[in-house]
């Protein structure tokens, strides 16, 4: 049965497995000091156009969010996020486990409402009682967002300016960054992100790796003794080479971007199929996730021939479901979707 | 200058100071095992009509909320509160510091919207992804709420039923409980609270004590090794007698209720003054806090003759301010307010 | 029955209760901004000979240790203490609850072995694997120690130098500081402590107050947003005046020192009684706690006529017990002890 | 240069990489619900002779220790470990970060002194003040220990009995379990461990996998909502198949045991080389790690031709160094070591 359940339902891009095999028996020291990690960091810094950046590889997305947020915030600070943000809802309280409040502001299609953010910050610091509250210390966004939408360059600049004004870091969660960067409608490049964000992460797990995310600190601001902080949070990989080899491969010959391009190309074709089938969109995005509305009957019928994700109930008779493409989606997969949706 | 800034701007009711003096040189053991604490607990259990209750004295409100919530929740659980709830906004992230998310639902005049609560819980546990989220494990309410409003007995019963249905405790923050109990419009008694809530606290600090709150566990559900948990959180008083004597006094000859009655009586007269002065209310309550709207000019002028609390900006020209009465408010104070507001 | 159980078995010195009564109905704002707290801080700074000091009042000893240590350490740091230190053993894991390791070094009669401390620090930072360990970030001592012993000025200077060398704060827990300062054998003054330590606290609870400790930051090093950090940890007193009035009284007319003197004078007489009775000492101190060895039979017999604290089992037939004097111990108490021990 | 630096200096056993490649494009759901994880769990349960066991795959050793300990302990509990235990010293304070004290008892060659453990527990619970201390709630051992030593079956039984007596779980850290199980001198089997321990983990990272450890709960005692607890701690792998495939391979055709056997066989030959070279042992073990004493000159000279780990300074002129074999060590490596050590 063809599956569009998510972008992490296969293993890794074959090129990554090949490199893991080729380098497998080479003796390398642990904990991220291996030559692959060193090389991968250099390639990422180059791709970001930011030689001063510090790069650190971690195992997964929740872990990266938790560690970046906890180690960059002061104890009394909270992180601002859209109320639909991943850290607000879908990380099992990991940010709070590390002691920090997630302060939510309203959003549109998953993107922080910039006006609401300005209002919140203005009100907060003019409130004479603010020292009795969790103090905002960072802005968290994801790009693409939980709903697959993208910030424009102009929005990103505005968010960056607000963060400058309030002296707080702007943090971008790039779990699906390869799709964001290769979207046909985006005007945001990796270099823009590196220039405008204080810290962000380049997602591996959902972009073709077996596991791994690359946290990038762009302003000479990686927390001191970061290895110790990472180990203290149970996140230090003994065989750091596993992460090093993967990111070294992803950032060789533009593989990371090529994998994003496949996800986007397949999503574009998927949208055409949905259009032709007359589907109602909940959110139609320019990235690799599409959210459509199905009646209960349609959902049941479709569920027999294709795998997709239930997103949320819309009313008693309708639900939102998500279809995701990835580096691994093939034209065969879409031919099958076409047969199901159109020839039905 | 007359002050209605809050209900904790004087020391303690003189009867409490008298008992502290009378018992001062008596030798008693520490950590809450003194005879005053034991006696006070018995009196509170009697007043609650709940002989099985377990009572524990703590120093302050945030501390009590943090400890009750943290020790009654499992690690993966969050606490549900109104988005205007004290634990949501005004406790400096203390709940999150202890590792738990505050899950907010909408409210009306400070009271949890019971329909919204039902909807949230129904949706949550029917979401196939709920294991990736902070799991609701308690409902937190305050009575009076942040806005001085009160739950009706029928609402409290409904909240209690919902908590039964989902097997989670109902927790009532009674920082200003004496006012709630003596309100002229309430149909909720201390016995009702003890019967319907799994845990609640009887506020001392804002109801006439120097410090101290009495946490009451009503269902044989005080967390095991509670003294150790309390000490581990830095909250165990060596001289437990300080709390014991105060609560023993407050629950002798109905002092706690008489102090609440004074706050209410004075608030009723205050409302008459505001009415006569033609004030616009933001929220007009039946407890000891009144919220009125003032123009910037009125606020400045009034501020020269009386102390009150800024609450929030309404628009560029108007603000909400709070006037609070207490056990210590006198008719002289209100005579002065009358002179200012009416004869002004 | 006469009691030497501890130094917190009575209420407060009557002068404190008197001031609480005199100032009781005066209107003052909350959270430590009251005029008594402000005045008390000035008096403490003067007594410390350190005008630049920042003083913050907290409710109890464990709370103060937990907050000072947690807010002054970085997340990856631990605190060094004697393996018999209060924070190592008798605070229910409060330091660990806040996320930090207590790193223990060996001791003599409760005092950190300075040679062992140097050895530990030298070894630690020369270990190539130290980034995999909790990194020492503070030295904690108590004065008097858990065993009532005192550091000499020369030892304190050496500890201070070591801390300078490793750029870590020296923190002194002064739960019983009034006894330390008034000991007949000490050469350490309050000014010495303020000069040599980066932070310390002046104990109130065990030195004549109902509750309260005064944390003193001597090097312009109070953590930023300290009120918020304190509230976040459930430790902010709404009626800060309770602490302010007490410390203002304790630091008026040298009351704090006079109370310490009484404890010391009574302890000196107690030692004479023990000597005359031929008691075996476990530790004979120059402060207000004395540790003697009793056989099981002696312990049982003595326990019928006087209250003291069991300290630890020495062997199957003998135990160490502690007798404490305080500001409240009278000559009548010691007359009774003399009757029991000598005329027995 | 030949390396005996550790057992995680190569990638994974080729059979694991082969399976990762073979299964790579197969569509599987995430978060550990893939068919490989399910199959691997069955095989592990069978190998443990414990059909009721619950198995959960995590990414690394510190992470596994932190999560098992934090989620099995109550908030007020600490974990008992040897003072040389991995969790005591070499995990950057991860246990304390999660809020629990590591309570240390003395050891011999890395193994908990069982007499000292009994003494500690007996004393603890007979101390009338124990509620003011961190309460022991688990015994942690590693097998092999930090020093490569092994518990005997009789010792393991005794530890298990003590834990039964005090109703606390016995937890065994098996980071290098394959070596322990294949040691020529051990009388402890995997089935024994499953029968005597309440929880343990089967190490992958140091036993031939790229990453991954298998936590095994043997007494129907996996903490409820474990997936949520794991995610909350940043440890849930989206592509759970990465762990599933690896453990499925390790527990097919006894690969896990065969890899342990290679490490042991090579260590036995290594000991012969050291013996022949007249090396002084610090600890001579029957597992894959050997600790020898070198003078500074020897260490420098040897360091030019082979990689090993500095362990600790013995005196100004001598150090302890560690040589480790692994699944990947070859006879060629040992031929080279022989040349270096003997033929010089």
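For clarity, chains are labelled A, B, C and D in written order, and residue numbers in each chain start from 1.
By our rule, a residue touches a chain if its C-beta (ideal position, glycine included) is under 8 Å from a C-beta of that chain, and two chains touch if they have at least 3 such contacts.
Just so you know, these numbers come straight off a predicted model, no measurement behind them.
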| item | value |
| --- | --- |
| Between the pairs B-D and A-B, the one where more C-beta pairs touch | A-B |
| Per Cα centroids, the chain farthest from chain B | D |
| Distance from the mean Cα position of chain B to that of chain A, given in whole angstrom | 42 |
| Centre-of-Cα separation between chain D and chain A, whole angstrom | 34 |
| Chain B and chain D: spacing of chain centres that average the CA atoms, whole Å | 50 |
| Per-residue multi-chain contacts in chain A, two or more chains | 75-76, 91-93, 97, 99, 131-134, 228-229, 231-232 |
| Residues of chain A touching chain C in the complex | 70-71, 74-76, 99, 131-135, 224-225, 227-229, 231-232 |
| Touching residues on chain B, where the partner in the complex is chain C | 3, 5-6, 8-12, 14, 17, 20-21, 23-30, 59-67, 91-94, 97, 205-206, 210-211, 228-229, 231-239, 241-242, 307, 328 |
| Footprint of chain C on chain D - complex, ascending | 75-76, 78, 89-93, 95-97, 99-102, 123, 126-129, 131-134, 310, 312-313 |
